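After this come two complexes, each holding chain A, first together with chain B and then together with chain C.
Here is the complex of A and B:
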């Protein structure tokens, strides 16, 4: 693995100060790498992402981006520094047009807005004919596409996505994963939380398993997929489970 | 008679609309009912009065009752009222926001602020009435017995220009788009890297400046008094809610409807009931469209 671009060590964070949900999680992502965080509900996966994105307070621990400690920086500074976050639900501005959504995504840009807009449209050409439609008129898959395109407006080095395929039809799930793979090939580091654990790991380079707000396991995606214990505990059975005689 | 009433209603409505825009922004972007907004109207009017006291009202330009000095005073008062709104936010509302205060706490704080702001005006200018100018004006017949003062024509034109400018700003400028994004979802706007505090600052500045315009126009037709803003408070909220919270065209149409319903109703029933009319209209609209005329379903 190459030099990491985002490193977190012993992060303790939560919604209410003094009541942490994440109890000391460590992880790292390298440029061009897709890293997926999996784990049961309440494991602190989303909380961890939000803390890294500057949306929740980090009580303890270190977050380093390109050699610089960035823990608890305000979100707009993190976005400007190349750390983008795509929330899970309500991740587009429904009352704004597709174009306006992208403009908001580029809010921290000084100049270069036009250039970034044409870049985003080039990456997601399906959005071009709809640019003046309200985002509320888009389908679930198109919304996800727009949310990702919007996060790309600042030319981020790291994109963090909270369950990018939640609520999508299987075909669209594959589409979103293919889009993410495409971004990774451009050198963007991708850190995501996924319920579709097995499918996500198949397109990931590495994975982390969190339980109870702590690191439980980590490794190369194919190793995690092959691990029998993990598979039954966190990935859902690969084949219909053989029922034990009762 | 009806024509004249409609003309008067539109004028009152235009002034209410300028105030209602700020109330609507407050409800949508700042997420609370700011009962001190009406005092920004009073402050705007009196700040302009202070400037007029300083460099006079000027020689009347054409048929209007004032010269360019009042227009300058108007712009300065608009700017200062915007700054005042921002200072009030920094001193009171921002502190409460940062402590995670509920919107009800902010509403009650705004009641207190309204009293403080109003009484500062009484302290400085006394409880009596003032006027920018005592120039006599003759109404012009604009169309079949409809007579309007030249000042009122100026007010209507200025209100249209201000609203059109604001519409362009909200539609095309990056800050304007960010304001609309904030109005829909502050959390997502923040995640996108929008500086939430700076958008809030802009919202206050704009609301304050618009309120000042409303106040100055009220003061021109015909006078200023310390309750000029607070007496409009309920109409402002009626207009903002009627039009649909968060919608600029909504606030403008809401303002016009409030002005019209007050004036036109006086033709049929006693003027005693005048102030009740906007609320009857509001009830009727909310029965049919709970989100207001231009509001979005949540």
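Here is the complex of A and C:
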């Protein structure tokens, strides 16, 4: 793995002050790498991602991007620093056209809008014939494509995605993953949360397994796919403890 | 005690519950687990009468209850809690519990004129019962707090106290552990075990595997609207189909 572009150390965060959901999670992602966060319900995966994206307050811990501490930066500063976030739902403006969505995604750009638009269409040619359709008319897979394309308008170095394949048919899941792979090959660092653990790990370089708001395991994707760690994380330890651990 | 037969529920073309058979034995704590979107909460809503099944039948204590309204099912002794409790936030904890009692004489208009003694006596009795149930649920020192001031975990305990006002025989709990801190979790588990010892049967949807392993037996696993496993929690842990349901995409 080359040097990381985004590093989090001991991040504590949650929705309500004093009630953390994420209890000190560390992770990192390098340019050109796909890193997937997996774990059972309530593990804190999405919360961690939202904290990194500046949507939730980080109570403790550090987030470093390219040598600069960016934890708790306002979202627009994070975007300016090269971070993009694709939420799980509500990630396109349904009443705007595809083209308008992309333009809105690039509203912070000065002058380079045309260039970035043609780049987005080049990456997602399926969007071209639909450019004047309202985003609300798109299918689930196309909507996800548009959301990713929109996040690319600011030419981010790191893209964070919250369950990009949720609710998609298996064929479209593979399509979205293939799109992400292409982005990674261009040098973008990709950090995503996925429910579809095995399929996501298959196209990832590395993975982090969270349980109960903490790091449970991490490693190369193929190693995580091969061993018992995932079973333990999702279904509990094989010899159940008498009392609850957490 | 409860038989679910070939129950199914579709929303447009989406089959949320797709032909589930389930039998709940009296005195058990039965767990229902499964990945997100498996249809667990829809199954609960069908059993509790909040949704009408597309097909199938539900029998509780020998009576068909599918298609019966939720309040009538509640009167028969089948009560449920919700994943996210919604108490009357501005009313006190005590008032929240008291109004859960069924058949209050004061609900009848003329009783408040001609039977004031009865109304007052009954209200005093209900009050006492509510205080006892809230005490049992560990909320004895919160009686006069507005319910909206309670933490998420305490609101779940209040919900339990409310349904206990009517001495249910079967209690459906939807994710009792979600968002509850470890100390309150112990209280909740303790209450569930105490009630079970008193003869109450439980059906629990839960994601917290530690809790499921600790108190549930048997466990039913749902995935994509179907039942894919029934058995002991330990066997569920070692079942390849269960793991595939959670991790997606079988290996290979």
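Simple rule for what comes next: the second predicted complex is superposed on the first by the 229 of 246 C-alpha atoms of A that agree within 3 Å, B and C clash if a C-alpha of one lies under 4 Å from a C-alpha of the other, contacts with A are read in each partner's own complex, and residues count from 1 in each chain.
Note that in this section contacts are C-beta pairs under 8 Å (C-beta built on N, C-alpha and C of every residue); 3 or more make two chains touch, one makes a residue touch a chain.
All values reported here derive from a predicted model rather than from experimental measurement.
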Contacts of A:122 with chain B and chain C, given as first, second, both or neither: neither
Which superposed partner A:234 touches (first chain B, second chain C, both, neither): second
Touching partner for A:199 - first (chain B), second (chain C), both, neither: second
Contacts of A:100 with chain B and chain C, given as first, second, both or neither: first
Partner chain(s) touched by A:79 [first = chain B, second = chain C, both, neither]: first
Touched partner set for A:90, first chain B, second chain C, both or neither: first
Contact residues common to both interfaces of chain A (with chain B and with chain C): none
Contacting residues of chain A [partner chain C, same complex]: 40-42, 195-199, 202, 225, 230-231, 234-236, 238, 240-246
Contacting residues of chain C [partner chain A, same complex]: 35-36, 178, 182, 185-186, 189, 207-214, 233-234, 236-238, 242-243, 246-251
In the complex, chain B residues that touch chain A: 174, 177-178, 180-181, 183-185, 187-195, 296
In the complex, chain A residues that touch chain B: 53, 55, 74-76, 78-80, 85-87, 90-96, 100, 103-105, 107-108, 113, 150-151, 154
